[in-house]
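Each of the next two complexes has subunit A plus one other chain: subunit B in the first, subunit C in the second.
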Partner chain A sequence: MASTPEDKQRKENLAGIGCARKRKEDPRFIQGKGHYVDDIKLPDMVYGALVRSPYAHARIKGINKDAALALPGVLTVLTADDLKPLKLHWMPTLAGDVQAVLADEKVCFQQQEVAMVIATDRYIAADAVELVEVDYEELPALVDPHQAMVDDAPVIREDLVGKDEAGQGKRIHDNHIFSWEVGDKSKTDATFKKAAVTVKEEMLNQRVHPCPLETCGCVASFDKVNGHLTVHITSQAPHIVRTVVSMLSGIAESKVRIISPDIGGGFGNKVGIYPGYVVAIVASIVLGQPVKWIESRIENLSSTAFARDYHMVGELAADKNGLIQAMRVNVLADHGAFNSHAQPTKWPAGLFSICTGSYDIPVAYARVDGVYTNKAPGGVAYRCSFRVTEAVYVIERMIDVLAKKLAIDPAEIRRRNFIKADQFPYQSALGWSYDSGNYPAALDKVLEAVDYEGLRKEQAEKRARGELMGIGLSTFTEIVGAGPSKACDVLGVGMFESCEIRVHPTGSVIARIGTISQGQGHQTTYAQIIASELGIPSDQIQIEEGDTDTVPYGLGTYGSRSTPVGGAAAATAARKIRDKARKIAAHLLDVSEQDLEWDIDRFRVEGAPDQVKTMKDIAWAAYNNVPDGLEMGLESVNYYDPPNFTFPFGAYLCVVDIDKYTGETKVRRFYALDDCGTRINPMIIEGQIHGGLTEAFAVAMEQQLVFDESGSIHGNSLMDYFLPTFVETPVWETDYTVTPSPHHPLGAKGVAESPHVGGIPCFSNAVNDAFSHLDIKHINMPHSAFRVWKTIHAQGLDKRT
Partner chain B sequence: MIPPEFEYHRPETIDQALVLLTQHGEEAKILAGGHSLLPLMKLRFAEPAHLVDLNFIESLRGIKESNGLIEIAAMTTESQLITSPLLLDKCPLIPDAASQIADPQVRSRGTIGGDIVHADPGNDHPAIMLALEASFVILGSNGERIVPASGFFLGAFDTQLEENEILKAIQVPVSVAGSGHAYCKLKRKTGDFATAASAVSLVVEGGVCKKINIALTNVGATALKAEAAESILTGQTLSDLLMEKAVEKAMAICDPAEDLRGDREYKIHMAGEMTRRAIREAFAKATGGG
Partner chain C sequence: MAKKHISFTLNRQNIDVLVEPRELLIHVIREQLQKTGSHIGCETSHCGACTLDLNGQSVKACTVLAVQAEGGEVLTVEGLLQNDKLHPLQEAFMQEHGLQCGFCTPGMLMRAYRFLQENPQPTEAEIRSGMAGNLCRCTGYQNIIKAVQTAAKNMASA
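What follows is the complex of A and B.
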């Protein structure tokens, strides 16, 4: 309808869906005016600092606090024994296990929380930590999940001895947590037996850490007079924190207020509930004073949730033309000392069963076994939906392994196996119903843009000269937007999302959404959605998140769920308002509702185009002139329970040149085509893709948490742990196609994680491809210069003649 | 990541600084750029009770030339080295190496004196000093002494500098006609120390290598002078064969520690590769090809 220049102008005035609007949050961040947890200062606030274990596995024979308590300024030192009477020395995890809040008789990983010192200032607290004397008896440590499962391995979790269950099904060994299976095993096995070609490869998704720039922390403040507890916290899911805190403390949920202020990056690291938070809360309740606890970088990298550590065996069965007939995956998942991975509760391996990827694989089977080791607990979704990075890695690497075995080009084998556009909605062998997609079109667009054939020709010429050049592809499918409450819950709470919108009499709006931005730009994007739905300019729409006292219950932001679920809630809530507005407009124009049509920012009478009421007119009338029987006011709430996940996809291509004398890999070109359905703010999408690709680059090339045999962690500071700066980061080229989600109110799918999920195998495939003319089937990440050189040197490629 | 309590002193003359150092003896540490010392203090690996800050002593800054020697005051920062017209013209190896150190934040505070005295095997200036045959002007309560770089570095974090002494300045000869320099450093990322690096300073006359100094970074407890490699090339014209022989000799003296940058084998090979590249680059510069 918006055809006249005037219509176009009205639409542009809204700065709604599709507008590359500048991020509303940036003026405050780039001026240093953000307000983070560590910026919060409350009257009488005191400081907590944690005493941590130097050993990966040890018995605690005694803790002497005397010297610490004698230091002026120290208020108290809390240990497991102090928390015991409150039954808070252990806490439940989101995965059905329990986790020591402060080490109870033994420590199970290096840097485990042993005691918290509370002092009047941060410096005294740090000094007192040194004065707490802990007497340890060291025990043998297990850092390899395979070793953890041998018969006479030391037992890590003595508290579970004799229990054949740790919250997620049957245990088969003292260090075993769960087995999780999906798919048709016997049919898969039978297909493998008959298949013309099979490939099998072991591959590791190494233990990494999301490493947000802001570490974790909180300010807990208990008011002894009215019994209210307020916690400012670095949380990606404040309402879940409120529910858990209420359950643990016994304080009514209505008296607990959780506030996530500005958050300096999360990437899954800030979903969990950490011992530091719990002890700070207890300390505040005990002392009746606000207690601040903030992690250092080393503490963050060593003790809060890591990601991955999936030891996978991938297998494909195919015919001689490369058509895949079956897939089988077995995983040993290292969960560390406690099973506190953050997944929807019923999904011990997250959404790993998306591992059949973008391919029409008739039958498949996957099994994941979780095990304990003497390493920090976790297993979070690092800029991905739950375990989707691992799943996409195994299929995208395995299809290349198959291509090599059959001497089929990696682009061609993908094309042969793609789910075709007319097969959607597509039912996958492992149980998912893919909403929409067009994979061949995406791949073709990329291949053409980069002149794929030309690149392959160049590669052949370089190989003839002894040079190493690699071309990597990744044609991934993501699964995001958790999730339908019949399938997904956190501790029994369904994974819906909520939005409350209030339109004020003068036509401006406040909307509150249960998600929480950590850099995603929600203030900008949500306002655009509501702007288009309500016909009110996005600049007049305030977005509020993160305060559980004002925002309706939501499950938070992770797993790319904000746009798929939160955005849907915002659109649906806005539509409820528009429905009411239509009634008011009909009343004002003295026509029936059916006579009205929606026109960008107003209702107009069909056939009488000058008879209009703008949303601004209607907002005013909502507070003084509504039809009989209608309530005054103009507001709504929606709790959106998505009917399905969304399935964004993309086609990526990476070209690398490897220096065979140093092992350094240079990413010469990276072309990323993403399809996230309807695009709400193209500029924010672009920014999210740049960020996700940069993190993918970091994971594929260099990131790893390394442990030695004694369980000591190495590389847990930014001297070693790789966060790419502008200097290391390659140049990104981006592109898109648009295949809307049929079940989402806006057709949007979520995008911020695709570049991470799809990027990692793309880099890894490129490095592996550089060696594909040799007898090398798979090289594990990270593809650091050192590790790449090892491969080169073993092959003698660096010999000088 | 919070250091224990310490006393902070801010002398304005070298004499005041020396008095403070004598007064507090073992308990005192000099503070220069702080980019090695402060991280150690935050990790509580170093716990000095007194910090004597040299940043406010004017006479410890500046670069000047006299009698064929360039004298660089110890508190000159890396970024001042990088932009010094005098050095760029007459001793380009120092700005070249300094620009490969850490990141802009570190370079704007970190000093050449601190980098030398700290003697971290990963620090870059020690090898540069060996390659340039530098000397160090050292001040103590007994006066001034001048010590050659060769022999100054005793071990990891250990030098001939005595407690209570201040490194005042670094002297390097002005580079002569026909000379060429290069510093080739392999690192994982911005802000990282070298996996291995090699400094080469040579003089070529009529195609013949008259003189060559080769020094290696982070493949031993101290910067290493590759003398056997030097003698292979001295008095010779550069050939692939000699180059490989020299590289082999350089690799033979390496004794690196394994860490996350790589194992010993890798680091030794990288010292060789960086040496190969540095010789080539220095040669090209000396013969007008660079």
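What follows is the complex of A and C.
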């Protein structure tokens, strides 16, 4: 049927999929009416503050609480000895290891949690922290992961001595956590042996921190009368918190309520369960009062989950035309003092095996070894799917290294190696089935938009004048939307996502989804999905997340899983409602279901365009006039177990100019083309890309958690830890292609992490490219002015003539 | 610690409050006076989430003592709404998608509110330097700049 202006109007009225709808969450945020965890104030609430270790590695010889307890207003001081009778001084991690809740006889990283003071006021709690006397005997610290497995390395985890397993396979040294390998090693080795060209580089994805603007915190409130525990918490995965808290505390899961209120950014930092949360909960149970614990910025940067710290050796084997024949990667992963990285349980290196990227590489092998060091635990996905940033970095850098060796243009070598559009679904050498893609089209669109040839010409001219200009490319493929429950679980819970939809008699809707927004605009986009599926305007659809008492079990928001999995659950739940609505419509119109066709917001009888029942009519009828044998009401629940991951991709290009006297890098242009399949809200997508690129810029150029030889962390406040301001942040240009995912109900793939994952190698490639005419194969991140200047200076490029 | 009695106006209302001399203005506003729009992101005056207007200047309330507000005029994000009407900056932030998680937004709005009085018709470069004390982790700033420009335009034509 041809679309009339009236049809178009009806469609627009829905403000559904594809509409740049303004955000529903904004009115409260712009008026200061957001509801973040530190805004919560409960009657009788008291404050917790943590005593933390000044040493990276030390034995605790004694703790004296007397002075702290004597301070008026201090209610209690909890240490590991107080938690022991409850068996809560250690807790399981998501990675199968255990982590000290409060240091048990020794500390293993600087700023480790040693005791918690509870006081009536946050100032008194802070005073009392200073009054807790801890007697330490300092031990030699292990900081460099490359020294973790030498014979006389200090043993960090005495609790694991003699155990040949720490939850993720066999250990070969006291400081070893796991070895994980994938691919065909012998075939890969054989291909390398006979290859015409091979390249090999060591490269580091330095230790960084997601650093959301709001730190982590909670308000734990135990009601002694009815045995109910309520925890308001900055969690990206509230249901997982509920399950873990129930397992740890012995309180029935039905009596534990976890509420994630508005969250001031997460970026992976708020996936894990931290000691502060556990002690606050214990304190609330002990005292029978609500306990608030909020991290300071220094605590956040020093102790809650860091990201990366992947020390990689990448290798490619190719023929003389640059066609890649094999890839080999060996990684040493620094997991800190406890293995509490947040990955699906079976994947100790996450989805690192996406490291063959967008290229048709016939054979590959990757191995990752995790080790303990005297640093904070973690290894979370910082605005990326699990270890995907590291994987994409190694392939996107290595392909440039290969291009340089063969004197092939970086765009051309990519084109030669791309998986072709007709190869999808594509089976990668390391076991993934890529859903869909069109990589050459994306790259060509970008090259044309920026006049790539012109840029290369300009670069050649500048080089002739002794100026430094770099052009970086990144043609990445991500793997997101974890994930199929047969492959992915967290502590045994499959990584499905859930949605419950209720259509009220008057036609408005409430939908509850197991994910949790941290700025992604779920209240806006999920409503658009349901609007298009149900034919009810998105303004009449209320979205609720984050309260485990009302929302069906979900795995939360991280790893770009909200649209791929939560969005699919929403669409599928809505389709169940539409199926029932069809039955009701047939009953009301006295025709058979087969005679009806769906038309934007109504069913109509085929061939009789005036015979219609709108969704609003049907909603009313669902509560008073349904066909025999059908239940009253109009609601549904869907637990969506995705058949596969989704594979968003993109082509990015970055142009930098480097000042050869100061080493300062100016990003002149950044052009980002993303393909996330079907686009739900273009305005929100663009906003996510701007933000992700800014975080990528931060990581590539400046961010790093630095430690000295004693394991002291340097730069753990915003004085030193780089967050880009208005001034440094480049201008972003965005573009897109649309290649829907064939297995997703809407064809959507997820987008928020692509700019971070694809952006980092793009910046790094641009800086490296500025030196590609010299005998320099690879420069590690971060590309700070000082580090870039050191490269320039070593080459003598800054000599004034 | 002996408490001190202080008076100031908060969002055009007279306030009398007892504070410890060491108490920070941000804590008094958020906890005693329960205006939780201004946030705490770093406690070292780097992030600007606590930015508010004190006596016609942008200040970071995490490093201002409450006693310093004695006799002063304080405006927070809760005071931007007047007669149930949103400030043009609030409208523009929604219009241009100048916020995501919303945590930095009150501080951003308050800095922009003062900045546009200092410079009613700023260029992009002037916005970038004039707002550089406020950090955002979500937006990459581009849409915040657009929002400030839109607000400036709307305020000029109002």
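In this section, the second predicted complex is superposed on the first by the 799 of 801 C-alpha atoms of A that agree within 3 Å, B and C clash if a C-alpha of one lies under 4 Å from a C-alpha of the other, contacts with A are read in each partner's own complex, and residues count from 1 in each chain.
Here is the rule we go by: a contact is a pair of C-beta atoms (placed from the backbone, for glycine too) under 8 Å apart; a residue touches a chain by one contact, two chains touch by 3 or more.
Only a predicted model underlies this, so the values are computations on that prediction, with no experimental measurement involved.
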Check the residue A:313 against both partner chains and state whether it touches subunit B (first), subunit C (second), both, or neither.
neither
May I ask you to decide whether A:693 touches subunit B, subunit C, both, or neither, giving the answer as first, second, both or neither?
second
Answer with first, second, both or neither: which of subunit B and subunit C does A:789 touch in the superposed model?
first
Touching A:297 in the superposition: subunit B (first), subunit C (second), both, neither?
both
Between subunit B (first) and subunit C (second), which, if any, makes contact with A:441: first, second, both or neither?
neither
Who does A:719 touch here: subunit B (first), subunit C (second), both, or neither?
both
If we overlay the two complexes on their shared chain A, which of subunit B and subunit C does A:662 touch? Say first, second, both or neither.
first
Check whether subunit B or subunit C contacts more residues of subunit A in the superposed model.
C
A:265 in the overlay: touching subunit B, subunit C, both, or neither? Say first, second, both or neither.
second
Output check: A:683 vs subunit B and subunit C. Expected answer is one of first, second, both, neither. What do you get?
second
Footprint overlap on subunit A, where subunit B in one structure and subunit C in the other make contact
122-123, 296-297, 718-719, 725, 727
Which residues, counting only subunit A, touch subunit C once they are in their complex?
22-23, 25-34, 36, 38-39, 41, 122-123, 211-215, 262-265, 267, 296-297, 518-521, 683-684, 686-688, 690-695, 717-719, 723, 725-727, 729, 731-732
Inside the complex, what are the residues of subunit B that reach subunit A?
1-2, 4-5, 44, 103, 186, 188-192, 195, 244, 260-263, 265-266, 269-270, 273
Contacts from subunit C onto subunit A in the complex sit at residues 20, 22-23, 27, 30-31, 34-44, 46-47, 49, 76-78, 80-81, 86, 90, 93-95, 97, 99-106, 109, 127-129, 131-145
Residues of subunit A defined as touching subunit B within the complex
122-123, 126-127, 130, 296-298, 661-664, 702, 706, 714-715, 718-720, 722, 724-725, 727-728, 784-786, 789-790, 793, 798, 800
